[in-house]
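Pasting the structures here.
Next come two complexes, and both contain chain A; in the first it sits with chain B, in the second with chain C.
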Partner chain A sequence: MAAYVARRLLAIVPVLLGISVVVFLVMHLIPGDPIVVMLGEKAPPEKVEEMRRELGLNDPLYVQYGRFLLRALQGDLGRSIRTQERVAKEIAGRLPATLELTFSALLLATFFGVLLGVIASTKQHSLWDNLSMVLAVAGVSMPVFWLGLMLIFLFGVDLRWLPFSGRLSTGVFLESVTGLNLFDALLTGNAAAFWDALRHLVLPSFTLGVVQMAIIARMTRSSMLEVVRQDYVRTARAKGLSQKTVIYKHALKNALIPVVTVIGLTVGRLLGGAVLVETVFSWPGLGKLAIDAIYARDYPQIQGVVLLIASGFVLVNLVVDLSYALLDPRIRYQ
Partner chain B sequence: MDHPYLTRSPGEQTDNATGTMFWLRLRRNRAAMVGLTITASLILVAVFAPQIAPYSPTVGSISEQLQGPSRVHFLGTDDLGRDIFSRIVYGSRITLQVGILAVGIGLSIGVILGALAGFFGGKLDSFIMRIMDVMLSFPSILLAIAMMAMLGPGLVNAMIAIGVIAIPNYARLVRGPILAVKETEYVEAAKALGNPPGRILFRHVLPNVFSPVIVQATLGVGSAILEAAALGFLGLGAQRPQPEWGLMLADGRAFLIAYPYVCTFPGLAIMLVVLGFNLFGDGLRDALDPRLKL
Partner chain C sequence: MRRSFSLLLMVLLLSSILAGCAAGQPANPTKPATPAKILVFGRGADSDRLDPARTMSAESTKIITNVFDTLVQFKQGTTEIEPGLAERYEPSPDGTEYIFYLRRGVKFHDGTPCNADAVLFSFKRQMDPKNEYHRDDMANAVMTLGAVKDVVRVDDYTVKFILKNPFAPFLRNIASFSNAIVSPTAVKKYGDDFFKNPVGTGPFKFVKWDRDSEIVLAANKEYWGGSPKVDQVVFRVIPENSVRLAELETGNIQMMDGLDPNDIERVKKNSELKLSSQPGLNINYMGFPLQVKLFSDIRVRQAISYAINKENLVKYLYKGAALVATGPVPKSILEYNVAGYPYDPDKAKTLLKEAGFENGLKINLWCYPNPRPYNTAGAKLAEAVAADLQKVGITATIQTMEWTAYAARSKQKDNFDGPFFLGWMGDNGDVDNFLYALFSTDNIPGANRAHYSNAKVDELLLKAQKTIDEKARTELYRQAVDLIVKDAPWVFLTHSQDMVVSRKTVTGFVQSPLGRIILREVVAGR
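Presenting the complex of A and B:
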């Protein structure tokens, strides 16, 4: 296993370097002068020259890349052009909101996805089975931002059940410890804020997670249907074990192996989808930061967010690969 | 010179029987037929948009703003008094254009890169595939957004960005089978007969990966449409007053609370069209390669 881990760790180094090149090039492949693009056509020439010197744009490209990489490794992503704030600091401020959103969507998608999948496989061609099929097909065809808008109208405006903007109601005070609202509310024993934060989280995380839930449900279903035909499941039945034990203890454990692999992909789709969902629900996370930065042509900020999300995605996939090898020892020797 | 028996590749089969079997399998698949109908309707609506749409997609009258669905305005009007039905009808042209062009870009570059990597192997292979790995390590919409930051907002740039992010899918799809095909006897035979590598690649190897590419392209049109709508919604794709469906959703958002239908119908249109391509693509996959059926 140690050799496998080392091999996998080494393999991500070139990928991470490649990501850093792509992110570096975002600013250098802009048609025209990036400084003029950022400061606007009417910027005074001395200001343009000053900024060019500040960003080191007069150096050869490889020197600039080397500097960019060295600084990024030390956590220095430059300064935002809009706010003059350090990009790393701004990202750190927004990261918990995105983590909270994607993690709760992932939890929702995996838990209910697996549950629905198991029900669909044990009751083939039942209402649940057909429903999860329709949901999966419709779900992958649905624009996630449109689903968000429709849910806002239904549950936020028409029924008035849930809030649909931001992370906390105005007037609700919560002391920030980790930045993860639910966690902070628990830590400080603030029940009112916990309830408020939870209510704000429902619509965005459902919007973000529901499609992935449907995909995981279909995946679990087909994997379960394959596993329940195996000999060891028949043996478990023949021993006289109850249906529940056979399904949840014997079959599900093995059926989940292929499901684990899609979780890596799911995280990628969730991180991408978060950009849209955050815009719809005015959720103050990284996605919204990136979009606002694009409108303002704030390139250091765009670079920072893209670099962070892409590297995060690579690391998540690494963890998924490693846990896959842990679950299925055959993988390690390939 | 080619010898007709020695160098005929399986992919070259022009047997009518294969085509008939394929069509029979496809026709029996009800979901695929629904998908085909939706796809064909989209093309018809796009072609005959001026005949179908009762009003202009870009000019409205302020006195008729934000009206609910009625006999005069089938799906209502937006905040500028433009007929939503007419905008959706004309928007189908943009949707179709984005789907076809973006897939065209991704497919042509992806297939060529994948074929070169698989066929020639060695350093070229690892170089191309490492780049593909890096591109796949970005969540796709994020890579599209980063490219839009570089290229600047606009419909054409959105098509380019969406096309580029699809390249690795095609390259990977093509490389695998080509690695397998190039070891087969008929390729050996073609080589022994002195065919140049380019000719072997295009005549004997590439035709074999035709079916998975067609399936991926059909499904790819659906995802390209979704991604273009997302960029439009974020204000990075199509620009006002283009009747692009994602942009219509972004504009309708401000009126969601009082006039939800402004957002409902463009979203339904996107979903229906993407559903059509997905159902048709799945059906194609089952019909072209029955072994893959789940």
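Presenting the complex of A and C:
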């Protein structure tokens, strides 16, 4: 097991290397000039040229890439061209917001997705089945941006139940320890801030999670329907076990393997979807940072964010693979 | 039927869950016991760098003009100059020297006295590349301090600027945000990080900056011009225009800019909101690439100028939030009477025929896709113009490019093969900042993207720079505008309105023609 994990972790290195080369090339191939963005349209051309030289943007691509790689290996991602802030610091500032959002969306999607899926499968063709599948289809086909705006106008503006932009209300004070607001509020015993942060999370995480919830629900349903027809489930029933035990202990555990795979992929999709959701809900996270960086052709910033997201994705996939062993003892890693 | 019923049921269920989250709680449970007077201003994007000398961003300027002061400043609501940190100033008779007498007793927010040394420090770090605190991205200095030969200290509270030659826009350049006076102590202390720890003498002190989220400023109760009327100002980033307006409607923010023209009616109908609108200091234009043979023919340029219905652009595209332009300069800074090119498709056809294109013409029309401050409709502008051109027999194919790529391309020598849309926002309220920047041969390559070159115009613009007498100078600019309009290197389209929306309870806000957000006099009621 340990050897397997070590091998998998080592395999991340070539993956990241490959990604960094691809991102680097794509970034430099698309037209546009970070200096024009940095110094503004009005900057005198000689100043732009001076700045390009200063930042080494006139060097051949392989030289620029080599410089980036050398520095990155020493843990230095450079400074953002647009803001002059250290890339690592910019990312560290945004990461908690995105983690909080994606994690709560994932939680929501997984919990309700599995629940809806199980309900649908146990009561096939019933009202509940249809209801959850209608919701699932609606969730898959709704554009996130549109859904976000509709929720804002319904729950934020008309009903005024929930806040709909930012992570905390103006005037709510919260000491930052980890940057994860809910966690920080618990650590510092700040109930008011906890409640405020939680309320701010509801709409964005629902918007972000609803599509994945739908996918997970459909996956769970079809996987469950397959499993409940297996012999061992019939055996369990024949033993006289209650319906609840049969479904949740025997069937669900075996039906979960494909679902866990989907959940792993979900993390990647959530990170992608976060870009739109963060814009609609004024959520100061990584997605927003990535978009701004791309518009500004902020090369170091884009590299930093993409590498981080890619490593996160690779790690999550590793965790998913490992969790198979927990769900199905027959699976062993050597 | 059964499906839609199910959906309805689910929505109801979810609503009740969400309602449960909010039940029994006041709208804002954590409001402090003694509410400080906080003004929240919503805007679409974050600042980049809060160092006056190191930014070009309008979002940074919003903060900088509230945290810093300049030696001379713009009189509220105008582009006229009045004393600032200098209580008076004296130009020499030949206009090559200016002496500034500093206000005594002014301190930076960190307690450093604002004296001649501080002023010298602020300018030297911008002008002298060998200065320890100079940075390569201080690009404003090239534009605003290019005419300055030296700055010298006369005594503790007097400084003298020596110019290379008389330069009429000088005072307005000194009032430009980039020439704000910074605390030398803070620059030395923070070094490269001064841009996120700005210290000035202005009406508000910098408190904190959460990137992409908010910037908090606190009132400087000792401000030399009188304490601000609110205790705190929060600039909040809300990227989506409609969400920002929703926040204003619900009262979570008190002021905002970046109103979508499609929402003007929504604001006007809301009795709790008020809309401040004034002609902006900008020009929205369609330039001709004069390096392309087809467009070096003045008849083609004039024909296209006549073919475009600018009134309709204002009415339908901009929903009234713009003015028709008849020349390159907004009338708020230069009064001139030029008819320009009123909509006249027949005249356009005649001119095209004279130029040998009676059977029509095919061209490319270059545009950026996103809204810009001077063109809130983005690429829809190109669609409207193409439709007008079609009516006179010109078939225009629209080519769009994402803004960053577009801006970079427009700077190249062979930028475009057909007319291109761009705009300009004035920085200092001086006509020179429009005409010299955009039409002088000196600015190719540079801001003169049409590559327009007319020796007579060049001569007038240089002469105007050296003419200190305002009346004589205005006359020179009028002559230059006449020539430029006749040559039609651009189609002069519109000047967009600057719009700020606020709650009715907010009073004391005066719009600046430069689009600055000055909050010292603003009172924020709840």
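Side notes on the structure shown:
Following the convention adopted for this analysis, the second predicted complex is superposed on the first by the 270 of 334 C-alpha atoms of A that agree within 3 Å, B and C clash if a C-alpha of one lies under 4 Å from a C-alpha of the other, contacts with A are read in each partner's own complex, and residues count from 1 in each chain.
To be clear about the criterion, contacts are C-beta pairs under 8 Å (C-beta built on N, C-alpha and C of every residue); 3 or more make two chains touch, one makes a residue touch a chain.
Treat the numbers as computed from the prediction; the structure is a model and nothing was measured.
By the touch criterion defined above, A:Gln64 reaches neither chain B nor chain C. Using the contact criterion defined above for the overlaid structures, shared-chain residue A:Thr122 touches neither chain B nor chain C, since it reaches no partner. In the superposition on chain A, contact of A:Glu50 is made with chain C only, not with chain B. Looking at the shared chain after the overlay, A:Trp146 reaches chain B, while chain C stays out of its contact range. Judged by the number of chain A residues each one touches, C leads among chain B and chain C. By the document's definition of touching, neither partner reaches A:Gln230: not chain B, not chain C.
Of the two partner chains placed around the shared chain by superposition, chain B and chain C are both touched by A:Ala138.
Contacts of A:Ser169 after superposition on the shared chain: chain C is touched, whereas chain B is not.
Once the two complexes are overlaid on the shared chain, A:Val157 sits against chain B and chain C alike. In the superposition on the C-alpha atoms of chain A, the part of chain A touched by chain B in one complex and by chain C in the other spans residues 30-31, 138, 149, 152-153, 157, 279-280, 295, 297. Looking at the complex, you find that chain C touches chain A at residues 2-3, 6-7, 9-10, 18-19, 21-22, 25, 27-32, 38, 40, 45, 48-49, 54, 56-57, 136-137, 139, 142-143, 192, 195-196, 210-214, 234, 236-240, 242-244, 246-247, 249-250, 252, 401-405, 407-409, 411, 427, 437, 445-447.
Considering their complex, residues 14-15, 18-19, 21-23, 25-27, 29-31, 137-138, 140-146, 149-150, 152-153, 157, 222, 268-269, 271-273, 275-276, 279-280, 290-291, 293-295, 297, 299, 302, 306, 309-310, 313-314, 317 of chain A touch chain B. Interface of chain B with chain A (complex): residues 130-131, 133-135, 137-142, 145-152, 222, 226, 229-230, 233-236, 246, 249, 252-253, 256-257, 260, 263-264, 266-267, 270-271, 274-275, 278-279, 294.
By the touch criterion given at the top, residues 30-33, 36-48, 50-51, 54, 82-85, 90, 93-94, 127, 130-131, 134-135, 138, 149, 152-153, 155-157, 159-167, 169-172, 192-193, 195-196, 198-199, 202, 279-282, 284-285, 288-289, 292, 295-297 of chain A touch chain C in their complex.
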